[in-house]
Amino acid sequence: MDFTPEKQSPILEVSLLNKNFGGMRTIIDLSFELAPKECLGIIGPNGAGKTTLFNLLSGIIRPSSGKILWFHQEIQKKSSSEIVHLGIARTFQNIRLFKQLSVLENIRIAYDIHLTYTPLQALLRTALTREEEKKSAQAAMELLDVFSITSLAHQPAGSLSYGDQRRLEIARALALHPRLLLLDEPAAGMNESEMYQLVELLQWIQKKFHVSMLLIEHHMAFINGLCDRTLVLDFGTLIAQGTLEEIRHDRRVIEAYLGEAVT
Amino acid sequence: MSKQQKQIVYFLFFSILLLVGCRSSNQSIKIGLNTELTGEAPAVGASCVKAATLFVNKMNQDGGVDVGGKKKPIELIIADNGSKADEAVVVAQRLITQNEVVAIVGPNISSCAVPASEISENMGCLMISPWSTNIHTTTKNDGAFKKYVFRACFTELVEIPLLAQFAMSHLHLAKAAVLYDMSSESPNSAAHQFQESFLKAGGKIVAMETYTSQDRDFSAQLTKIQASHPDILFIPAYYNDVPLIAEQARNLGITAQFLGYNSWSTPEIIQLDSHHYLDHAYFSNHFSTESDSPLVKKFIQSYQSTYGTAPDDIAALTYDTMGLIVESIIKAGSLNRTAIANMMANIEDFTGVTGTYKFHQGNHDPFKNVIVLTIENEKFVYVTTLQPE
Amino acid sequence: MDYIIQQVINAIQLGSIYGLIALGYSLVYGVLSMMNFAHGDLFMLGAFFCLLLEKIIPLPLWLALLLTMLVIGCLGALLERLAYRPIRHAPKVSAIITSLGCGLILENITLAMSPYPRHMPTLFQNSIFHFHGITISSLQIIVIGISLLLMILLDVMIRCTTLGMVIRALAWNRLMVSLLGIPANRIISFTFALGAALGAAAGLLYALTYPVVSSSMGIAIGWKAFIAAVIGGIGNMRGALLGAFILGSTEVMSITMLPSTYRDLIAYSLLLIILIFKPYGILGEPPTQKI
Amino acid sequence: MIRLLDEFRCHFAMLRKHTIGLTRIFHTDHLRRSGSQMDTALISKSSSGSMDSYSRRQTSSLALPHQPSRPPRHDQYEISGLTSFYLVVLGGCSSFVIPELCSNYITCILITLAINAILCVSLNLINGYMGEFSVGHAAFMAIGAYGSAIITVKILPLIPFSLSSFLTFPLMVVAGGLLAALVGIPLALLSFKTRGDYLAIITLAFLMIVKSALENISYVGGPRGFLGIPPLTTLPWVYFWAVVTFWIMRHFIHSKWGRSIIAIREDEIAAEAMGVSTRSAKMMTFVISSFFAGIAGGLFAHQIQFINPSSFDILRSTNILVMVYLGGVASLSGSLVGAGVFTILYQILQPLGVWRMVTMPLLLVLLMIFRPRGIMGYQEWSCFKLKE
């Protein structure tokens, strides 16, 4: 099988990744690669280890063994914030916004990784600090405009509707200017039309910002609209990968979803 | 002027008005009482207030104090310092500048008295601590006495060596253990003073154990003390800890003679010791209710009839402090703070309920006898009087 | 050897009293995840109430214990109803501050009413046994006995009864429990009452052992018992006991081996060391968080 | 009689007018924490900014039925930067004038108020902005107090030439603060591993350790206390330090680090996922907070002239906590209000004696029930906000 649409060296290589919680093996010998600008979908039944994989990639938990290479650099031992600085941003399955802060502040906190002033400069509020702060506020507003939630800029993030919260979380991740975006069920809780709007938005984002994407989703239509390739996880192992069409006819995938009786 | 600026001006104007406050003056002699009504030693403050009120009522019934030919009543201003150093400072400042007192009685606890004395000294207002035994209450860093600060009690430098001597020569006991409250200032210094004096007197210290304020379980320390088989157990501790220590010591089988110092003297100690573990314990004190002096008898009688209890040493010392202040006001013949303080320094023969006061040669610590008491039948019983050399 | 055994007895006695108070902290924390800093003052009130009771009508120990537990238990429930329930949904910190405030109120009301320490009357004839240089009093045996009995009763109640199951369920998911038709508020009040009653029992036993009762006794002992609960893993009943005995024996041991001035220094350093290696106490589990 | 009533009503109306005016000056609105002018400017700018047609179509098609965008209110009572500068200068002048005009007692209360405000704002950084619960703040204060006192009393006399206290005093206070900050580091390290209630206990244990250690060090007087500290703390000095503290705090809060600790308060994992290095943010917060607590300690030592370990017990920590939560968490103005209300109430309630100790916590509990965030929780007077 030809895994990569273009013959380029992969930006993310995961090899023989394992994660044990106590005696539970949630990720078993997982290996895959991600090409630049590729959008990779991850599907699998509940408890397959999809979110655990994201937690491993984003440094929230450490793998038991195995390697994660990001531009040929091992990142499996790095902390979450270091990984963000290397260009991997994520969203969460159960939205983790800073709920009491305003929408604008949520974005600005993410944008802060681009600010370069030193603590001393911050305490003295030098010209550089003021200029950078101003720029960051502007950039945050522009980003809100892209997601058309400008009018909500001063609402507390927790008061937003579910769909808006999802979008805000994606906007917040984009403010980090990542090269890889990990989206954990971005369309959960959205209706059909909202979902299609999100697909369009994500397509536009991918083109505009040149980001690769890795997304967990249950809606096949969503995956179909966005992803170049799809990985299927079951009980922590990779049971299939390829285009959606290829997967759809894979025996093991059907077994995993529908049980062994159907062949 | 814009509306906004106007408002700021208003705001500042009102706040300055508020700050300047109101000042009043009338014809009474104001004496401040800076004492510990709350905090770690409320009993001390309560006795202090009782005695001072008793004194003021008596003086006012007699028509007041003769100041330069005019009789003026005394007004007592009672303030609580919460047994805290910073509060004591604020209270001292308030008494001096807001209430415009001519003299301050208290604080009693050294940790409050030392910082408050600095305020009195800087602002030139007489302050007499009835009960503080820390040398730094009346002396500056260089050892010289503060001009405006006195005390009505003897210091531990006088008391403890005499007590150590008493233990050696009267009781003939030479092996001592000490259990003291290390986090309280006075017991801590008394313990170390005792260690020094007792060694000098030829005795032996077999154990020095400590606890911190609020502790109730002393069994571990006492077990350790028991292993060293002392003849004397010296317990410099506040009155509420002593009965507990005594009980736990006796229950553990310690038979040593208990010895205490002036912190024991509150009658509360007897009430707390309902099983008489403290019987025949000796302690040094400022004051004994068994004196034959008519002055003392009269004081005890009026105190008893007013409050229903016998006065303790803090009450007696406060009473004397008030007497000292009035004495120097009469001698000075004016309400000038400096004049009163100068007169105070020259008092050589004031007889109070706790003995005769002498402040000679610029010494602001009075020259007084130490009384030894023992506890028998729920009473403090007079044993002997120790004369300082 | 006698010396060591004597110190071990001292440690057990100290530990069992810390344990009884620590249980109250853990019980309330387990159900509401709230640090009830007023617990130390309920402990103090237990001692005061019993003192008052004995002044009015001299009662035997068991009756005094029951009555004290009952009354202070009700007081605990009242405190929960008046002060803690209105802020149950407020930020966690305001609950902590409220409990600190309630503690101060209780302490200072007692101080205002009774500024002097009081002597606790004895409720039974205390006899002292000496063998081979070791001293044990009947009081010590009774105190340790009652503490252990109460601890076991509580453990059995939490583990084996329906009520205990509901309390444990509340600790996991309060909303779900009320959705199941169980009157969660009443159970929470009851848990508070239970915690307060345990504290009061500890107060009574403490006052019997160290018969001077003062308004400030709650703070000093309360904080120590709280630390004991944390060492063991707060919210965990057995952990609270373990922590209490560890703290008690550390205190006694540091006095035995070193100059007693270093006792607090050592006891609290031990706490820090334990929390460095076991950030959630010895038996405690880190709060699970779904990411 | 009626005339009297009328007069009274007149008076009351006037008073109300002034109060309203005052509240408007210190305008509070938590939704506008980030400053309104800037945002209006940005909205207009970004909407006319360059965006390709695709995205514009997106925008229109994506638009959900939102509430119509609120035009930001313009407030005529907003204090401009220049006015607040004048206010600060005016305060500075009055700090020189007040000790001359008013009694020492008033001066002393104002000094205490300023020291309390510094303590309060430094604790607010940890408890309010970062959302941790520290009960050990008195320990930092103690270290600052002892540190600066040691330098003043023991080390300065060793220097052969004499320096004016005007030069040395700020240095000593800063040295005390630095010492406290140094001791804050291990506590920050512990805060990496633990959170919430357990961290509260760690800070408590830390306080006990510091107090117990001070009691055991005879060099600083042990339980007898440290004597003979010169009375260098004057109203202008504390005013200066309070202004410096609030100024630096204001800048810190509105910097990226300030935002990052607020993010930690809201959600630590999300903050980490947004590139916030929680470790360095926590370290910085603890160091800054303990530094200013140390400064307050140094000022306190040179005000009271006597310090002993029991001055820095749990009760003092509790008092600082009360001020923070009374005034309001995560608010600089709240810290000022909290310290002010606490200090003044404490003096006003003095005639109540023991019952004062009941009234204060009772007020606190009522406040927690009816206004759990404190007087100014999460709100800010405009003079404490930053223009961008």
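In order of appearance the chains are A, B, C and D, and numbering begins at 1 in each one.
Just so we're on the same page, contacts are C-beta pairs under 8 Å (C-beta built on N, C-alpha and C of every residue); 3 or more make two chains touch, one makes a residue touch a chain.
From a predicted model like this one, the values you see are computed outputs, not experimental measurements.
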Among all chain pairs, the one with the most C-beta contacts: A-D
Of all other chains, the one whose Cα centre sits farthest from chain B: A
Intercentroid distance (Cα basis), chain B paired with chain A, Å: 72
Chain A-chain C separation of Cα centroids, rounded to whole Å: 48
For chain C paired with chain D, centre-to-centre distance based on mean C-alpha positions, whole Å: 35
Touching two or more other chains - residue numbers and ranges from chain C: 108, 111, 115, 219, 261, 264, 291
Overlap residues in chain D, where contacts from two or more other chains coincide: 212, 215, 269, 353-354, 357
Set of chain A residues in contact with two or more other chains: 60, 92
Residue ranges of chain D touching chain A (in the complex, touch as defined): 31-34, 38-39, 42-43, 45-47, 49, 51-52, 54-55, 58-64, 66-70, 72, 248, 251-252, 254-257, 259-260, 262-263, 266-267, 269-278, 284, 378, 386, 388
Partner chain C, residues of chain B touching it in the complex: 38, 40, 42-43, 46, 182, 208-217, 219-221, 223-224, 227, 240-241, 243-244, 247-248, 251-253, 268, 271-275
Touch list for chain D against partner chain C, complex: 127, 131, 133, 190, 193-194, 196-198, 200-202, 204-206, 208-209, 211-213, 215-216, 269, 314, 318, 321-322, 325, 329, 353-355, 357-358, 360-362, 364-365, 368-369, 372-373
Complex contacts: residues of chain C adjacent to chain B: 3, 6-7, 10-11, 13-14, 108, 111, 115-119, 121-122, 128, 130, 135, 137, 206, 209-212, 214, 216-217, 219-221, 251-252, 255-256, 259-261, 263-264
Chain B to chain D touching residues, read off their complex: 3-4, 7-8, 10-12, 14, 16, 19-21, 37-38, 42, 79-80, 84-86, 89-90, 93-94, 96-98, 111, 114-115, 118, 122-123, 134, 136, 140-141, 182-185, 188-189, 212-213
